[in-house]
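So, here come the structures, one by one.
Each of the next two complexes has chain A plus one other chain: chain B in the first, chain C in the second.
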Partner chain A sequence: MAGYILKRLLSAIPVLLGITVIVFAIMALIPGDPATAILGSFATPENVEKLNRDLGLDKPLVAQYFIWLGNMLQGDFGQSFALNRPVIDELLERFGATLILAGTAFVLCSLFGVMAGVVSAARQYGFADKAITFVVLLGISIPSFFLGMMMILTFAVSLRWFPVSGMWPIYGARDLGALISHLTMPALALAVVATGVIARLSRSAMLEVLRQDFIRTARAKGVPERRVIWRHALRAAMVSIIPVLGIQAGFVLSGAVYVEIVFQWPGVGRMLVDAILKRDILLVQGGVVFVAACYVMFNIAVDVAQSLLDPRIKT
Partner chain B sequence: MTVLTWTRRSVLAASAAFGLSLGLSAPTLAQTPPGVLIVGQIAEPKALDPAAVTAVNDFRILMNVYDGLVRYKDGTLEVEPALATAWEISEDGTVYTFSLREGVTFHDGSAFDAAAVKFNFDRMLKEDHPYHDTGPFPLAFFFSAVQEVTVIDPLTVQFTLDAPYAPFLSNLAYPTGLIVSPAAVEQHGAEFGRNPSGTGPFTFAEWRSNEAVVIEANPDYWDGAPASQAVVFRPISDANTRTAEMLAGGIDLMVEVPPVALSEFAGDAYTLHEQAGPHVWFLILNAKEGPFADVRVRQAANYAINKSAIVNDVLEGTAAVAAGPTPPAFAWAYNESLEPYPYDPEKAKALIAEAGAEGAELTFYVTEGGSGMLDPVAMGTAIQADLKAVGFEVTIETYEWNTFLGEVNPGLEGKADMAQMAWMTNDPDTLPYLALRTEAWPENGGFNSGYYSNPEVDKLLEDARSATDQAERAALYQEMQTIVQEDAPWVFVANWKQNAVTSDRVESFALQPSFFLLLKDVVKN
Partner chain C sequence: MRTFLSLLARNRLALWGGVVLSVVVLLALITPLLPLAEPDVTDTANRFKPPFSEGALLGTDHLGRDLLSRLLWGTRLSLAVGFAAALIAATVGATIGIIAGFYGGRTDNVIMRGVDMLMAFPYILLALAIVAALGPGLLNALIAVAAVNVPFFARNIRGVTVSIAHKEFVDAARLAGMSNARIILFEILPNVLPVIVIAMSTTIGWMILETAGLSFLGLGSQPPQADLGSMLGEARAALITNPHTSIVPGAMILVIVMCINLLGDGVRDALDPRLKSGALSRPMPATAVDRAEVPAAQGDGLLAVQQLQTQFHVKDRVYRAVGGVDLTVEPGQCLGIIGESGSGKSVTALSIMGLVASPPGVITGGAVRFKGEDLIGAPYETLRSLRGDRVAYIFQDPLSTLHPLYTLGDQLIEAVQSHHRVARAEARRRAIELLTSVRIPNAESRVDSYPHELSGGMRQRVGIAMALANDPEVIIADEPTTALDVTVQAQILSLLDDLRRERGLAIIFITHDFGVVAQLCDRVAVMYAGRIVEEGPTKAILTAPAHPYTARLMACVPELGQGRRRLEAITGLPPVVDKLPAGCAFAERCIKTRDACRGGEIALAQSGARAVRCIDPDVALAETVA
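Our next item is the complex of A and B:
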């Protein structure tokens, strides 16, 4: 097992190196440079040249890449041009906020998705199945940013149950209650699509398992139906549900970009969008590499979990 | 059945949890506290160091924390004393001597004096200054004419310029000229932008990244204590979310209301503020090659485009029709006798026929959005339709803002016939000097991307720069506007009216033509 994990970790290194090359190349190739973005109307060639020199952007690209990579390996992600603070400080702060949002959404969509899928499968073609299928289809079809705006109009502007945006109250205690009231709407908006996808795939995974012999045997032995479904069948179905959860975790993380903008959640998605528009090169590069590394690590964790659940998968 | 029973119970449990979270959250939804003004900003500030920032968004905070030597008189773009009580300008216009206000201290307790003024400008301009590395200072060129700053005595400071430069005083009133505390720069170094200290009506209290910047009243302010206890600036970059926050009572003052949201604030609970500013939105025409090389075709474009329709229908009245290159907000330098080109497609067609340019194919650069560009895609489409009506086939090419600047600033030659552009400036000198002179063609490092050239305009602009008498300058600028309107190097389209909405708990708020947000006298009930 330890060997398998080590092998997977080693295989992540070329992937991450490839990502650093790609993100650096994209930032170098897109038109528009940070000096022009900072100077705006005043971007005369003379001013741009001086500012580029001040920002250390007058060196050759290859040299810039290796300086960046070398610094990053030592934990120095550089200084953000647009925010005037170390990239790593901004990243960690923002990533924490994204983890809270995406993590909550992920827990919600896994829990409700799997539950809905199991109920649907157990009651195949029954009323519960049809009702769930209908709701799930609706959920998959609504884009999260649109759902978010509608939620703001209804629950924040009209009913005033929740605050419109942000993560913490501007005044008042920064306690769990305050966080929950700010988190509820964005987490739900983010979870809805993934819940639908997970529910549909859990349903088919469960249906496949429920047709198998060991289920018939369990029922014949007189095992209570609740136990058959939630213990015997679900456990077997989890082997095919877990990779789906892994993929959905990635979707939730990338979907957070839209939701973070609509709800002004101070997360890494909103940060990246702002940084790209301002050509804040180091923040974009650092942010993408950081998020990619997390994604790769998460995938490794999913593979490991899967191999633990199903010994047939070769380690 | 067991499966469903379980689900029903779980639904109950979930609703209970939901209700609990509502109960917990109730106190956070209370109204914003009295005496504390909450402002919805369009973005997170970069830094609170006036020498290091370039964005209007950051200026809105800075103008309340710092003072400059001079400032704009309320409701105008004319300078009046601030930290300097008086000044003298030498005969030849190159030496400015300022008398400084006595007894002013920075928020950190250190004294404001001539040495502090010298520190500020040397830090920005001299590469060997010990604190020059706290930059970069992208707008330092506003003061590039300054050769030397000399301390005459603690309350007198002298600026020596390398040549007469009339916009110097209004550049001092611009945020780049705000005076920071040398002691605070020495203490915090490059971190000064997060630990600001000035002499202004509010002192910096707290900056919570991506959440809020809080400033508190300075009771000892030399020009009287502010009317509110504190101001909180919240960055809310999405315009729809900003509107929703205003409607839900999460902010008291919102800037840059999108035109489509204006109707939301029609009721008595809100006040809508509008103020035309030093902004002009125009089309650069390529006067070097193609149909627009002929002045008649350039004039025809000005006649063909229905500017009132753009201003009223596309922009919902958030802008006024522009008459010439200088915005009317520069009241002292504006030529009142200029009338905008009327919408007259017949006259346009006649001029085009005269020039033999019927049915010409034009390439038109449009941006998706950018600083001061209003609603460029919708405006570009309307312009395309108006030009089609007089027989031009216009092909639009759309670019993201930074890419757009990279295409337009180096000049339109060989690429396009026309391009959108907008400028916001603080002196009537800036835009024409950088974008209309022959010396300002792109290859010389200027912004004259359409290659307009008229020696008479060049001379007027040079003369206006070296004149120090305001009336003399005004006359020169007014003559320049008449000539430029006639030559039509641009299609003059719109002057943006900045807007803001306040709730009925806010009193004594007014927007300024400078587009700065001055909050000292604003009352929050």
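Our next item is the complex of A and C:
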């Protein structure tokens, strides 16, 4: 097992390098002079030249890439112009909030999505199946930002169940209760789309498995139907559901940006949008690489989980 | 009928989606011709007018602009951008995918590595990075959304192309001297087009959502021009005071995307033949029963099948897989059921405990009496408590019939615990005991193996062990030795025979192999086209078959030590059981056929211990009885 994990970690290295190359290449596409973009059109030529030298922009592209990569490997993601602080500090501060939001949403969508899919498949063409199919369709069709706004109107403004926005109360204790009441709506809004996608896939994976011979064997043994569905069928279906959970984790992690804007959640997504609008290039670069790297690591965890679940995978 | 109706309902949903979407698209197309207020003219005196006010059907926004007009113009923009993005992503992605799949080798390797790299990014993050580089703007948002969807198309289309690129018609085109470009355009492209269409119809909704999302963030369309996303983004500041300005564009996005998804599902169902006609329906816990009358109980056999009829209802066709079968089996007895594939022998066996997949299977008549109690239509709990406890099954091909992800021990323990309240440690001891009893070496350690770690013969023994878990009275063995080589087959058969003698088991043994029948069975029933054509003591039938079909079936088996006998295949194929001929079903293939054979129903004529369904049996039964 340890060997397998090590193998997967090693295989992540080219992927991570590829990510840095892609991000660097995209940023190199920026039209015009970044220094002018940063300093504004009233900058003096001396200032522009100095900044270019500070940024290493006077060197060839390949050299720029390796300098950038080398610095990143030492934990130096550069300095944010708009915020005037190291990118890595800002990232680490923001990433915790995103992780809480996306992590909760991911747990919710995995749980509800798989459950809805299983019930739907077990009751195929029955009332529960039709009801779930309809709700799921609604879920995958509604933009999370619109859903979030409607939730604010209903549950925060009209019913006053939850605070309108933010992660912590402005006055008062920053305890778990306060966090949960602030977290509930954004996490749900973020989870809905992924729940729908997972439910759809779980349903078809379950239908596929329920037709297999080993399900007939379980029934021939006299295993109670509930156990046939939730143990035998679900366990086998998880083999094709888990990779989709991995993909959906990416959607939840990056889709958090909309929810963070709507609910004023102090996460990486909101930071990135601000950085893009202010053309704070190093912050964008660092943020994208950082989040993508986290996602790659998460997918390794998914692979490991998969190998634990399926003894046929050679570890 | 019910499946048919719900399928229709699904198509009706797709239809509704199509209708509503067409209306929206039509409105978007004729927007410039409609008598609407200018969408971008501000009138701050009239800001935030509520819906249904004078001169503004949906009210006005924070700058006093007419919402209806902005909604229609915005819809027009959103649809155009979403569709354009889908088209670009499909074209670029399909091109990449076809090239990678068609040329293969290093080209494929390099391209797919790049695609994998792009897919390592969380979706929206990549779009943000691209917009960050190109700068905010609707065209840039379109490029970003299209770009992040390219890998999805490339990967899908590559997969399909690879499966096509080595088909015969492509090889033929190559041999005919067609250039690669021509082959791709005229041979490959037409075949991958449906896949491209399916992929587009399932992703275009996403693309509209994503572009709306980028606009919502202020990275897409820039004021005063507005698509639905940026309308929503601008309205957010006034969400609490004037919610209608948010609800109007948001609801429109929801309606559009939902209609597209409905329609997309319809398109996928229509183009993907595997999903047609409800082929992907799961079997229910017990076979459906729809029988008019119950035959009266006769005799007191341990297990008696009476006039059993099982059909498969597929669309409007009815396949009569089992057309009135009678069988009985007593303790310690082994009954063989023999016949070609498709003769209904497995379906008969599965019907006994309601294990025929349903849909499409339906038991339409007859009874199955276990110790006098009718099991057809019995409550699920009654069936479940008998399954595996009193009546156990052994199936063919244990690689697919054992659960691949549970250890042998877990599966055996479960078999015990489904019927007996015993502690896990106790059940595990029993599992090891069972494995030992079917002569699996090192049962102590084997109990923790997974099915894929065992050989075929060993797996079959596990299947037998599982059937024995609760000391059943009847074992139904459905071709348990067909997938095994001859020596293993002989071992398994002698194992079953020992068990029968030691435990007084009743065995119903299904096979297409007369050799196996001769070795194991006291009595044998020969099935053809869903009915029994001959039945009797094994020895009597083997020495003097009465039905011409039995004789021909036996002639197909070469016998050792019998010199050079000609192997005679039976000409023709068994009839399809949805259109059975009147009279003898074997008449088409029989050498003795005469008009009377096709005249009408031929009864199973009983004479002593034997019975035959033929008007001109090869031997008169009365002679052989003595």
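Keep in mind that, in the parts below, the second predicted complex is superposed on the first by the 271 of 315 C-alpha atoms of A that agree within 3 Å, B and C clash if a C-alpha of one lies under 4 Å from a C-alpha of the other, contacts with A are read in each partner's own complex, and residues count from 1 in each chain.
Methods note: contacts are C-beta pairs under 8 Å (C-beta built on N, C-alpha and C of every residue); 3 or more make two chains touch, one makes a residue touch a chain.
All values derive from a computational prediction rather than experimental measurement.
> Should A:Tyr171 be classified as contacting the first partner (chain B), the second (chain C), both, or neither?
After superposition on chain A, A:Tyr171 lies in contact with chain B alone.
> Check the residue A:Glu208 against both partner chains and state whether it touches chain B (first), chain C (second), both, or neither.
Only chain C; A:Glu208 stays clear of chain B.
> Considering only the touch criterion stated at the top, classify A:Glu225 as touching first (chain B), second (chain C), both, or neither.
In the superposition, A:Glu225 touches chain B and chain C alike.
> A:Phe162 in the overlay: touching chain B, chain C, both, or neither? Say first, second, both or neither.
first
> Scan A:Ile241 for contacts with chain B and chain C and give back first, second, both or neither.
neither
> If you stack the two complexes on chain A, which partner ends up touching A:Glu93: first (chain B), second (chain C), both, or neither?
Touch partner of A:Glu93: chain B, not chain C.
> In the superposed arrangement, which partner chain does A:Leu282 touch: chain B (first), chain C (second), both, or neither?
neither
> By the touch definition at the top of the document, which applies to A:Gly250: first (chain B), second (chain C), both, or neither?
The second partner, chain C, only.
> What is the contact status of A:Asp310 with respect to chain B (first) and chain C (second): first, second, both, or neither?
Once the two structures are laid over each other on A, A:Asp310 reaches chain C alone.
> Considering only the contact definition stated at the top, list the common interface residues of chain A for chain B and chain C.
The overlap between the chain B and chain C interfaces on chain A comprises residues 30-31, 122, 149, 152-153, 157, 164, 224-225, 261-262, 277.
> Of all residues in chain A, which touch chain B in the complex?
Checking each residue of chain A against chain B gives 30-33, 35-47, 51, 54-55, 82-85, 90, 93-94, 115, 118-119, 122-123, 128, 149, 152-153, 156-157, 160-172, 176-178, 180-182, 184, 224-226, 229, 261-264, 266, 270-271, 274, 277, 279.
> Applying the document's contact rule, which stretches of chain A touch chain C when the two form their complex?
15, 18-19, 22-23, 26-27, 29-31, 121-122, 124-125, 137-138, 140-143, 145-146, 149-150, 152-153, 157, 164, 204, 206-208, 210-225, 228, 232, 235-236, 239, 250-251, 253-255, 257-258, 261-262, 272-273, 275-277, 281, 284, 288, 291-292, 295-296, 299, 309-312
> What residues on chain B touch chain A, complex-wise?
The touching residues are 2-4, 6-7, 10, 18, 21-22, 24-25, 27-30, 32-33, 36, 38, 43-44, 46-47, 52, 54, 135-136, 138-139, 141, 193-194, 208-212, 232, 234-238, 240-241, 244-245, 247-250, 371, 399-403, 405-407, 409, 423-424, 434, 445-447.
> Could you list, by residue number, the parts of chain C that touch chain A in their complex?
Touch residues, chain C against chain A: 2-3, 6, 113-114, 116-118, 120-126, 128-136, 205, 209, 212-213, 216-219, 229, 232, 236, 239-240, 243, 246-247, 250, 253-254, 257-258, 261-262, 280-283, 285, 353, 355, 357, 380, 384-389, 392-393, 395, 397, 400-406, 414-415, 418-419, 450, 452, 466, 469.
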